[in-house]
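Letters A, B, C and D name the chains as they come in the text, with residue numbers starting at 1 for each one.
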Amino acid sequence: MSCVASVGTQRSAPGAPRVIVAGATGFTGALAAYLLWRHPDFELVGVTGRSEQGTPLQELYPRYRVPLAIEPLELERLEGIDAAIVAYPHAAAAPTVGALRDLGARVVDLSADFRLSALSDYERWYGEHPRPELMAQAVYGLTELYRSRIAGASIVANPGCYPTASLLALAPLARAGLIADVVIDAKQGISGAGRVFDETTHLSIAGENIVPYKVAAHRHTPEIEEQLRVLDPAHRELKVQFQAHLVPLDQGEIASCYVTTTRPIDAAELRALYADAYTGEPFIELSERPPGVLEVRETNFCRVFAAADEHTGKVVAFGSIDNLWKGTSSQALQNLNLMFGYPETRGLL
Amino acid sequence: MSCVASVGTQRSAPGAPRVIVAGATGFTGALAAYLLWRHPDFELVGVTGRSEQGTPLQELYPRYRVPLAIEPLELERLEGIDAAIVAYPHAAAAPTVGALRDLGARVVDLSADFRLSALSDYERWYGEHPRPELMAQAVYGLTELYRSRIAGASIVANPGCYPTASLLALAPLARAGLIADVVIDAKQGISGAGRVFDETTHLSIAGENIVPYKVAAHRHTPEIEEQLRVLDPAHRELKVQFQAHLVPLDQGEIASCYVTTTRPIDAAELRALYADAYTGEPFIELSERPPGVLEVRETNFCRVFAAADEHTGKVVAFGSIDNLWKGTSSQALQNLNLMFGYPETRGLL
Amino acid sequence: MSCVASVGTQRSAPGAPRVIVAGATGFTGALAAYLLWRHPDFELVGVTGRSEQGTPLQELYPRYRVPLAIEPLELERLEGIDAAIVAYPHAAAAPTVGALRDLGARVVDLSADFRLSALSDYERWYGEHPRPELMAQAVYGLTELYRSRIAGASIVANPGCYPTASLLALAPLARAGLIADVVIDAKQGISGAGRVFDETTHLSIAGENIVPYKVAAHRHTPEIEEQLRVLDPAHRELKVQFQAHLVPLDQGEIASCYVTTTRPIDAAELRALYADAYTGEPFIELSERPPGVLEVRETNFCRVFAAADEHTGKVVAFGSIDNLWKGTSSQALQNLNLMFGYPETRGLL
Amino acid sequence: MSCVASVGTQRSAPGAPRVIVAGATGFTGALAAYLLWRHPDFELVGVTGRSEQGTPLQELYPRYRVPLAIEPLELERLEGIDAAIVAYPHAAAAPTVGALRDLGARVVDLSADFRLSALSDYERWYGEHPRPELMAQAVYGLTELYRSRIAGASIVANPGCYPTASLLALAPLARAGLIADVVIDAKQGISGAGRVFDETTHLSIAGENIVPYKVAAHRHTPEIEEQLRVLDPAHRELKVQFQAHLVPLDQGEIASCYVTTTRPIDAAELRALYADAYTGEPFIELSERPPGVLEVRETNFCRVFAAADEHTGKVVAFGSIDNLWKGTSSQALQNLNLMFGYPETRGLL
C-alpha cells in the first residue's frame, strides 16, 4: 500500500528565502517546519534532528504533512541558506546558532540562550553560556514589543511561552509604570512538556490532574522580570511571583496576572490603556470577557483581558495563547516575516 | 474595551460566487461559514439562524473569526445569491432547500433529506418528506464517488459523517463485488452530538466514558446500504450491521469495518485494489498502519487502511476522518468547489 | 431484561440514625446520598428532588448504586428523621433547612445560606436571607477548624469547595498572624459547574479549554475573608484576591495561594508551622512536592504543600482536594460523623 | 515537612492469609496491592518490583495509599506466605509462578502464561513456555464461569481484560450454541497500555485520538476462541474477529460483539437467555440501555446489554468493565476470595 500522500511540492515563490529548521523532531521544531512548509514566501529546504534521521517529518507528526526527511545537521551543506529556526534545548542551542550565523544565516532561536541580556542572569539559571559574545547581537523576539529591532536583527531570541502570555497581558500596565507587585499564575496544556515520555505526559496520570511544578524556582522568572523592567518608565526592578501548572489539555496556555498597582486605576482608564496599547495589533485580541484558551488554539493570536477589582484595588489581567503557536513556533514565523520584509501576518491567518 | 478584532474583510476575489449558510448556529453550519469566509473564491454574504440573531458568529464560535451577525432567513433578501449551504435538522431542511432552489441558488444540503433515492426508505426513518419532487434533482455528495455528477448538480446531498468514513473505507471492496457481509463499528468524538446540551455532552458524564448509542436502529444504515448496492457490480442488496459509539474527544471519527468477502483475497490483491481506487485522490491518504483520527483532525483528509486477516479470512478496513470537516462541512466546500469549477482542493489545504 | 442489580440492602446497623438527602438530583446531593448509603452507621431513608421524581437515583447516576427513588420533599412524612443533608441552591436552601430543624433533624447545609456570620455580607452577595434568625445556630463546617463546635451543632454550614481548599492551605499561616496579603488562584474540574447543561460543560467547548470566570466578583471571597479574620490572632481584615478557573477534567480542585507575609519566614519555620497544625489530622496530607489533584480524587483527603520563595519573600501554599468530595459531600459526612459521635473517618476511608 | 500520612495499619483480622504482590510497580500490580491492603481479610505482607526498590508504593501511586516499600523478590524470605498475585509480563511470569507454588503459595497470575490450555497455542503467540508442566494445574479465572474450580485451584490464570468483557457479553449465547460467527470490536482507555511511556500514552498524541492497534493479529484472540469453544455445547471451533482500539480516557473498556446466530432469536428469548445466565450474579449488571464504561469505573462490575437486530438478524452484545478492575486486579481479588473461602464480594463493594 502506498504511503501517505504528500501534499505535493511547496507553494513558495521562486527566489523565496531558503530556511531550515534545526531540531525538528520536537513539538515546536516540527510545528515551525510545518508553518514554513505551507508559507507562501519561504522555502523550507531542510529539517534536522539527532534522532529519527531518514524519517519523513510527516511520519513522526502525521498532522504536519511535511514530506522532508529528518537529516543530521551538516553545516558544510548549508552554504547559502538565508535563515534558520533553531529548536534545541537550552544551552545546546547557542553553538548551533553561532555556527549558522557564521554561515550568514539569520536565526530565530527558540531556546532561552539569548533571551536574557545579562550574562550573570543566564549563568544563574542555565550554567556557563556557550557563546556569550553573541548575546549583544540578539534581539528579544516578543513581536509586539520590539517590531522594528526584530526587523533588522541577525539573531532573534524567541520568547518563552510563559513570558509571551504574561508580558502581553502586562505590557500596557508596565509601560504606564503601574506595576508595584505582580503574581503570575500560569496554566498550560501537556504539549508544554514537549515530546517527553514520562509521568508528566502519560494520559492516565496527567489526564485527570492539575499539577503545579517548579514551585518558587521557575526559569522564566528572570526573563519576565527583565522585560518588565525595560518596559517600566523608571526601569524599576520587580520581583515577580511566577507559578506554572500543567492541566489536562493538549495545546493552550493562560497567564492570570494579579497586579498591585502603584496608584489606583479605574475601569475606564484601564480600558483606555489597553485599547491604546493594542489597537491595530493584528494578533492581539482584546476580549470583553475572560478569554478561554480554546479561542486561540492553533492560531498566532493572543487574547488579552484586564479588569479592575474594586474590592481589592488590584488589577487582574489575563493573556491567553496557544503555547506551541504564539507561545513558540508561529511567533517565530511572525518574526521571520518581519526580518524578511513580509507583512507580519503572512502565512499566519 | 473594544471587541474582538475582526480578521478584516474577506479575501475573496471580485465577482466571486455569493453564498449563504442557512443554519449557522450549529457546529457544522458555523464551520461551513468559517471555511467559506476564508475561501479565496467564494463570498460569504450571510449567516442565518433561528436563535442568536444579531450575534456575530465569532462571538458564538470564538475560534471561527467570522464577524457576520446571525440573521433570520429572509428569502426576499436573497435574490441573486449563487449558492447556499443548508445546515438544518433532518426534515426541516427540505423546504428551505426547495425555496433556495426556487431562487436559483445551488444548494449543498447537510441534512439527510436528499441522501436516499427511494422515498419509502426516507419515510421509514424520517417520516413524511416535505419536498419529494426535488429528490430526483439531488446528487449524493460523496465527492470521491460522484465527482462529475456533483459538478453539474443543483442540489447536493452531503453525506452523513458515518457514511463518509464507512464508504471510503469500503468502496474499493464494494466496486469489486467483494462484500458478502459487513459489520461497521464506528466511534466518534462528542462534537458529533452537536451543539446539544445534555448528558450526552456534559464533560463530567461524557469525559471518562465510551457510550454505544442507537443500538440496532441507526438511521445511517440505509444510506450506507444504498451506496454499497450502487457500487456493487451486481447491485446486490446487503444488510449492514452498523453501530455508533461516542468517545471522549472533540472532533474525530473512525469507521472500523469487518468484511466477510465473497471470495478469498490476499494482502497483495487488497493492496492493489485500494491503490487503484485511490491513487491521485487529493484527500484520500492510504496509510501503512491503522490510522488515528488525530492525523486528520481539522482537515478534509480521509485516511484509509485495509488488511486481510489470514486467521478469519475477513478483511478489516478503517476510514478515519474529522466528523465536522470531511464528515460534513469541508466536504460541502469540496463539493462547492466542484460545482463552481474550482480545483477541488481550493481553500481546503 | 431485568434492571440493574441493586447492591442490596444497606449495611447500616439497626438503630442507626435515619437521614435524608434533600436535593439529591445534583452532583453533590447524589454523591452525599451514595456516601450515606454505603456508610455502616447511617440509614439513608429518602432522597428528594423537584425533578426526576420516581426515578431511582442509580438510573440518574449509574455510578452511585442507590436504588431509592427520587421523591418530593414532604415534611409531614419526615417525622422522626434524625438528620438531613440539604443540597439546594443558595437562597433556596434556608427555608428547607429551617423546616427540617423544626422537625428536630440536625442539618448539614451544602449551600452558602449559613456560611457567613454577618447578615449584611450575605445580603450583598445573595440578596434577602429567608431565615436570618437561624444564622446564629449555624456552625461553619470546615471540620479541621471547628471540630468541637460541629459536634454539638444543629445546623452545619458546609463550606464551599474553594474556601475548603484555600483555608486548609492558609490556616497555619493565618493562625500565626502571618498573612499580610493573599492572592488565591483556584482551578477546578467541570463537575464544579454541576449538573448544568450549557457551554460551560459541553465537552467540545470545555474539553480543550481553560476558562477564568467571575473575574473580580466571586461570591466565595467573603467566606474566605471571614474565616481568615477569625483565624488571625488580631482578627485583622484582609482583602482577598480570589480567582476561579475551569479546567478540563471531571473532579479535582487546587487552590494556589500567594501570600505576602507580615514578617520574613524561612523554610524551616514554615515546615514546623504546617507540621504543628496538621499532625494527627486524619484527612490532611502534608506533601513533599506540589500536590496534583489526582492524588486526592474521590477521597476526603486534602493535600497541602507550602514553600517559602527566597526570591520574592512570599509564601506559596497549595491545597488540593476533590471538589465533590472533601470540597462538598464527603466533608458533609465527616461532619455528620462528628455530630453523631462516630469516628470522623467512619465510612470515608 | 512530614511525608504523606499513612492510612495506618491494615485492617485485616489476626490470622488472615498473608499475601504478596509480585510486580507491584505496574498499573495492575499496584491496584492489586491497594485492593489487598484495604481488604478486611487478607494481610498484604510485601510488594515487589525490579525497579523503584525502597520506594513506598504510595509515592509511586499516590492514589493508592499503601505505605509498603517496593522490595526485590527474595524467595527465601517468603516462607509461609499463603498466596501471591503475580503481575509480570507474559513469559516472565511463569518461572515466578512456579517458584511461588514450590513454596506452597496459591497464585493468581495476571499474565497470559497459564490462560491457554494447549501448549501449541501458547507457543504460537508467546514463544517457548517456561514451565509447561504447570499448565495442567491452572484454572482459567473468569470467576462467573469457573467459580467452583477456582475455589480449589492452586494456580488461577486471571483472564485478559478483553476476554473478560467479551466473554461475559457472549457467554449466554455461547452456552446456547447460538454463535455461528462473531466480530468483537473493543475500545479501551489508555491505562490499558500500562505504565509505558511512549507515543501511545502521551496526552498530546493520545488525548484527541482514537487508534486501532494490532490489526488482524491480537494475542487475545486464542484465549477468547478457546473459551467460546468450551462454552459451546458441541465444542465447535470458531474463528473470532477481534479488534482493539485505544480511546482517550483513563480506565474503562467495552467489547461490542456482533454475532451471527446459528438460528433466529427474538428479543424475548434473548432477554430470557441473559436473565437466566446472570440472575444472582453479584457483579454482573444486565442493563436496559447500552452501557457506558463510566458506569463501572473503579468497580468489579461488568455491565452487559444484548439486543436482537431485526434488520440484520444478528445479535449485538456489549460488555462494559473497568479494564484495571474487573478486567484485571479486582477480578484477581474476587478469585482470591473464592480460593480462601470468603464471600466473593468481600472487599469489593
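Annotations for the structure displayed:
As a working rule, a residue touches a chain if its C-beta (ideal position, glycine included) is under 8 Å from a C-beta of that chain, and two chains touch if they have at least 3 such contacts.
Quick caveat, the model's predicted, so the values are computed rather than measured.
Any chain that touches subunit B and also touches subunit D is listed here: A, C. Of the two chain pairs considered here, A-C and C-D, the higher C-beta contact count falls to A-C. Averaged Cα coordinates give subunit A a centre that lies 46 Å from the centre of subunit D. Mean C-alpha positions place subunit A and subunit C at a centre distance of 40 Å. Centre to centre, using the average C-alpha position, subunit C and subunit D are separated by 36 Å. Within subunit A, the positions touching two or more other chains are listed as 189, 207-208, 248-251, 292, 294, 297, 305.
Across the complex, subunit A is touched by residues 181, 183, 185, 187, 189, 205, 207-213, 215-216, 221, 239-241, 243, 245, 247-254, 256, 258, 260, 290-294, 297, 305, 307-314, 316, 318, 320 of subunit C. Residues 27, 189-191, 195, 197-199, 201-204, 206-208, 248-251 of subunit B are the ones touching subunit C in the complex.
For subunit B in complex with subunit A, the touching residues are 1-5, 7, 62-63, 208, 271, 274-275, 279, 281-282, 284-288, 292, 294-295, 297-299, 303, 305-306, 349.
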